[in-house]
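Presented below are the structures under discussion, each in the form of structure tokens.
Both of the next two complexes hold chain A, though its partner changes from chain B to chain C.
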Partner chain A sequence: MFSFALKNILFYKGRSLTTFVLTFVSTLLFVVYVSMMDGSHKSMLQNAIKIYTGAIEIYHKDYRDIGGNEYLIQDTSAILKKISQIEGVEAYTSRYETFGLLSSKNNSAASMVAGIEPEKEKSLSSISEALTEGEFLTEKSGNCIYMGVELVKKLKVKLADEVAFIGAASDNSFAADIFRVCGIFKTGSFEFDLSTSFLSRDYFDTLMLSKNKASYITIKVDDLEHVEAVNEKIARVLDDNLESLTWKTLMKTMVEAMEVDSIFGYISLALFLVVIFFVIMIYGFINVSSRIKEFGVLRCVGISNSNIFSLLFYEIFILSTLAIAVAAPIGGYICYYYSINPIVIEGIAEMYKDYGIISDEIPFDFSVFTLAWNILLIYVLNFLSILYPYFYINSFRPIEASRHV
Partner chain B sequence: MFRLMLKMAWKNSFARPARTVLLIIMIAVSMSMMLGIQGLYDGMALNIADKNKRSDSGDVSIFAQEYRINKDIKFRIKNALEIKKELQAMNGVKAVALRINADGLASTARKSSFAQIRGIDLAEEELFGKFSAFLKEGEIRLDKKSAIIGIELAKTLKVGIGSKVIFSTQDTRGEINSVALKISAVIQTTNIILDSSTVFVDLKKLRTFLGLKKEEATQISVMCEDQAVIEDLKIKYQALDVKSFFELQPMMQMMEEMMLIFNSITFFIVMSVVFVGIFGVMYVSVLDRIREFGIMLGIGMQYRYIRMQIFLEAIFIGAIGYIGGALIGLFLLMYLREYGLDFSSFADALEMWGYEAVIYGTIKVSYFTTTFLAIISASVLSVLIPLRKIKKLNPIEVIKADK
Partner chain C sequence: MKYFLALFVTFTLLAADEAHEIIKKLDENMRGESIYMSLSMKILSMKHLREMRLESYSQGTKKSFVKILYPPKDRGITFLSLENQMWQYVPKIERVIKIPPSMMLQNWMGSNITNDDMVRQSSIVEDYEPKIIQKSGTVVTIELTPKEDAAVVWGKIITNIDTATYTSNKDIFYDDEGKEVRVFLYEKVKKFGKYYIPTYWKIQPSDKEDSYTEILIDEVQYDSGISQEYFKKSALKRFSR
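Moving on to the complex of A and B:
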């Protein structure tokens, strides 16, 4: 049946060529489109994690839902000690965050002010790399404040200027101080750069009475793929009043937003695939309907229905395989190339800054697994396209078919 | 003769019913899917643009020079009331809204977030953009200490109806002032900035709180009946910063352009594949009947009648497919316009990006006219090659040939 199918493919060149071209186009389109979609989603999430959010964060239960100083983590050092012994944890640090008003001579702005451990922070987030002016914090930076570039613009301050801070300390008492601008950063995330500033914990803890307390503990893992396993280990050593959450939970809204975007992407793709499926089926059907007599004769000489099915199956299998064999390496190469050299659309980050887009780059995702399931789906669609032609042939009795004109 | 050709074309279209029906189904399914996708995507973009206009910028907004760069109440329009009256008297102006905006810190007993306070006149906003339509929860009122809050900011601060919020900001004298507010309503405008960071209060109260005079405002938004008004305003108020909706929201323009490009590419690809489908069927259909055409030519029928018959066949199939697709597509679009696509399980994600949990579609006559033209063109073009084959026929040879 296989060689019979091969002969048929060569004989019915028009149909073979059309099926080949359509399968090639759909495979290429599918592989490249999914790669671009997945790549841009992954990039957005990775950028968000890289800036400030940790792979895993530990909170006092209810801190995220209710908030307030009574839900701060107490005895942070004991927890950090436990975490340090867990395999898979690469780095960790505690942060103390509060909201307050920062004022320059003429302007005021609300800001999230975070007390951080500067040295540890270097290996956990990209805020130190985001430095544009001045210097990043050290443990002994004192009242130095490291501010986002948009916040600096809003307050109309420059390096070495003083800003007044008013907020509430960890015991709910009034806290106020004068900070000196020592560094300015730009992460590219407009909202983050507009609303965030940092101080060294050594100094900030004294002001906020937050020694050995933390809003949360942030953790970097050796391998992001194993984040769930590490998280389980961490959860086991924590007290009942604490919770350990991975980035998937911390950035649930963003993950969901990507899912919705993917749904729309697949809806659009479905349109192309359905139309192509129909055309392949129509060409298959035309081919089969012009060979009814041939199939009738074959069945009269004892070829079974399953053999007829095998014949059609081999035909579509050979054509699909040939088309995929050409399309997959080309598509794979495009995905691989653009995963390393992302497409750059100048100005896209500025345009979509409110949506959290921080880069003009649109990287593709190169994944063998994705490539495999994309190819598999094209195979399935092509196989489905022979069902109606097969049932159509079977609707004729062998004698009737052999006399068909 | 034409009636005869019409009759023959109709009968021949269904000479192989399975093949023709399959082709009609392909046209109908692909067309209806394409219409649904176009309507849904356009609906998303239009919905966001419409709500952004109604809730914020209108067709055009006027600011004091430098306000948009510095976002500081120092840069306010000193004679806003007078300008408002002038605008209301202008032809082509539908509605005008005065607003005062100030950035600051919104806090509850447990949570804080940087935010924007916006003073509005509810009656004016209702006229301007049907403000009450944005209500998600509570009651739209701004009496005493009442405030209305954007849905995302409410989530950040974990507040609901009746919750207290303290808003602190710098007044015109440079002093830090705070005001206690009680949330009366939560709204969703799909404008990211309003939803994620804005607390709405009464315009007069905010004016007093910030120390502004009664004729002052930071923003004057105008809804126009005639878009030519925008250019008139730019000329008339050259000392101020007059910006159209798309100048204020370049992202919206980009979004609309991207939708247009995306829809055009989709349309082109789908129609190309549809063309391949029709071509295949018509080509085989002509080849199947090559002897028949040879006889027709042999008994003296002119080629142009055969050509007309084949064109009519292709148009019949295309038109039936189109009617089927248009009906299914119309039904789909009506459903999407009425009930939308419910993404409630992703509500948080969509709201974060300024979309509503239910995404509604839109219907444009152009969807049907352009698709009609494209399908009929694809049908007509698809028979050109088969027709060339017939034109080159030698009737005697074809009649002699064994089927």
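Moving on to the complex of A and C:
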């Protein structure tokens, strides 16, 4: 049946070429599109984790839901000591965050002001790399404030200018001070750059009475793939009033938005694949319709129904395999190439800044597993496309089919 | 049918008028034409009690000045509210800071009251629509919902007003989603001239049972002709000393 199928493919050139081209195009498009979609989502997540959010963060229970100084972590050093002994933890630091009012001569803006440990922060987040003007903080920066570029614009200040701060200290008493702008950063995340500023904890703790207290502890893990396992180890050493959360929970909204985006992406692709499926099936059906007499004669000379099915199966198998054999390496190479050299579309980050896009680069994701299931799906669709033509042929009796004109 | 309809409309209008009248009298008691108050404040949070003393000067709903007298660390901090704008002067940093409208709901000086409460920018008469929901003896329970164009922070306020003195004994504040946020309890009503005012207030946040703020009004002077100098921006520094 295999050689018979091969002969048919060569004989019905038009149908064979159409099936080959459609399978080739759909495989290539499917592989590249899925790679681009997965790559964009991974990039958004990695950027979000890289900027400021940790792979794992430890909070006092209710801090995230209710908030306030009542839910600060106390005795931070003892917790950090426990974390340092956990395998899989690459780096960690504590942060003290408060919301206060920053005010220049003529403008005021509410801001999240964070006390950080500058040296440790360098290995945990990319805020030091986001420096655009001035300098990043050091442990001895004093009242130097490191501000987001959008906040700087809003307050209409520049390097070396003074900004007044008023807020509530960690014991809820009133806190006020004058800070000096020493550095300006731009992460590309509009909201973050508009609402965030940093000071060295050494100085900020004195003002906020927050020595050995923290809003949360942020942790970087050796391998992001093992984040859940590390998180379980951390949770085991924490007191009951603390909770340890991974980035999947911390960035739940973003994860959910990406899932929705993926669903819509797959729906669009599914519609495309359905069209391809029907076109292949229709071509197969037209081809089979013109061969009813041939199938009738074959069945009259003793070829069974299962052999007829095998014939159609081999035909589609050969054509699909040929098309996929060409499309898969090309698609795979495109995915691999653009995973290393992302496509750059100037201005896309500015256009989609509200959705967490912070770079003009669109990286692809190269995964052998994804490539495999994409190809498998195309195979399955092509095999399904022979079912209706097969049942159509079977609706004729052998004698009736052999006399069909 | 027409008779019943007319009766219903008349009754509804009378009830609405009554609610407006009660709220108006309550507001008059709380503000007078002008009012000076000397207050003590106790703030309990995180099992730690802090005490403050302050003076408040206000005229109508548009002008208000507050000065902190105690503790020494915060002495001289002043607040001024004019029309819909608010400023704060902090002697420690010698700066006048404008408080943006977005921060009016923030806690004032670590207490359980907001910036808006302190300067009383929003008015229950002008910004809310009252509706009587219950009467029990002299106590009337009124629901206040924001008027459509009112720039207010609360989704709803339920207030229990004693019509014998036109003072509230309990206010419950709800957010936009109808969730209870805090409760004001008022006691020790005293008469000052023609006005009645509760001299003990307790503010209890609904989500933090172990935290509250108590306000004791030590001295009140109604309609005493407060100098207009208190309601100028220059007052922030001038009266800080």
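Simple rule for what comes next: the second predicted complex is superposed on the first by the 405 of 405 C-alpha atoms of A that agree within 3 Å, B and C clash if a C-alpha of one lies under 4 Å from a C-alpha of the other, contacts with A are read in each partner's own complex, and residues count from 1 in each chain.
Please note the rule applied: a residue touches a chain if its C-beta (ideal position, glycine included) is under 8 Å from a C-beta of that chain, and two chains touch if they have at least 3 such contacts.
Please read all numbers here as calculations on a predicted model, not as lab measurements.
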- request: Look at where chain B and chain C land on chain A after superposing the complexes, then choose clash or fit.
  value: clash
Message: Going by the contact rule set out at the top, does A:Leu224 touch chain B (first), chain C (second), both, or neither?
response: neither
Task: Go through the superposed model and pick first if A:Leu6 touches only chain B, second if only chain C, both, or neither.
output: neither
- request: Could you say whether A:Val344 touches chain B, chain C, both of them, or neither, answering first, second, both or neither?
  value: neither
- prompt: What is the contact status of A:Ala325 with respect to chain B (first) and chain C (second): first, second, both, or neither?
  reply: neither
Query: Taking the superposition as given, does A:Val380 touch the first partner, chain B, the second, chain C, both, or neither?
result: neither
Query: In the superposed arrangement, does A:Leu101 touch chain B (first), chain C (second), both or neither?
result: both
Task: Count the residues of chain A touched by chain B and by chain C, then name the partner with the higher count.
output: B
Task: Applying the touch criterion given at the start, work out whether A:Asp171 contacts chain B, chain C, both or neither, answering first, second, both or neither.
output: second
- prompt: chain C has the stretches 37-45, 145-153, 199-207 or 217-225; which one runs into chain B?
  reply: 145-153
- prompt: Where on chain A do the contacts with chain B and the contacts with chain C coincide?
  reply: 66, 68, 99, 101, 103, 107-110, 166
Message: Please output the residues of chain B touching chain A within their complex, sorted ascending.
response: 16, 18-19, 22-23, 25-26, 29-30, 33-34, 37, 40-41, 71-72, 103-107, 109-115, 158, 168-170, 174, 176, 192-193, 250-251, 254, 262, 266, 269-270, 273-274, 276-277, 280-281, 283-284, 288, 343, 346, 348-350, 352-353, 403
Statement: Seen from chain A, its contact residues with chain C in the complex are 66, 68-70, 99, 101, 103, 107-110, 164, 166, 168-169, 171-174, 176-178
Query: Which positions of chain A touch chain B when the two form their complex?
result: 14, 18, 22, 65-68, 98-101, 103, 106-112, 154, 166, 194-195, 252-257, 259-260, 264, 267-268, 270-272, 274-276, 278-279, 281-283, 285-286, 289-290, 351-352, 354-355, 388, 392, 405
- line: In the complex, chain C touches chain A at residues 43, 45-46, 48, 50, 73-74, 77, 88, 90, 92-93, 95, 97-100, 102-103, 106-107, 109-110, 207-208, 211
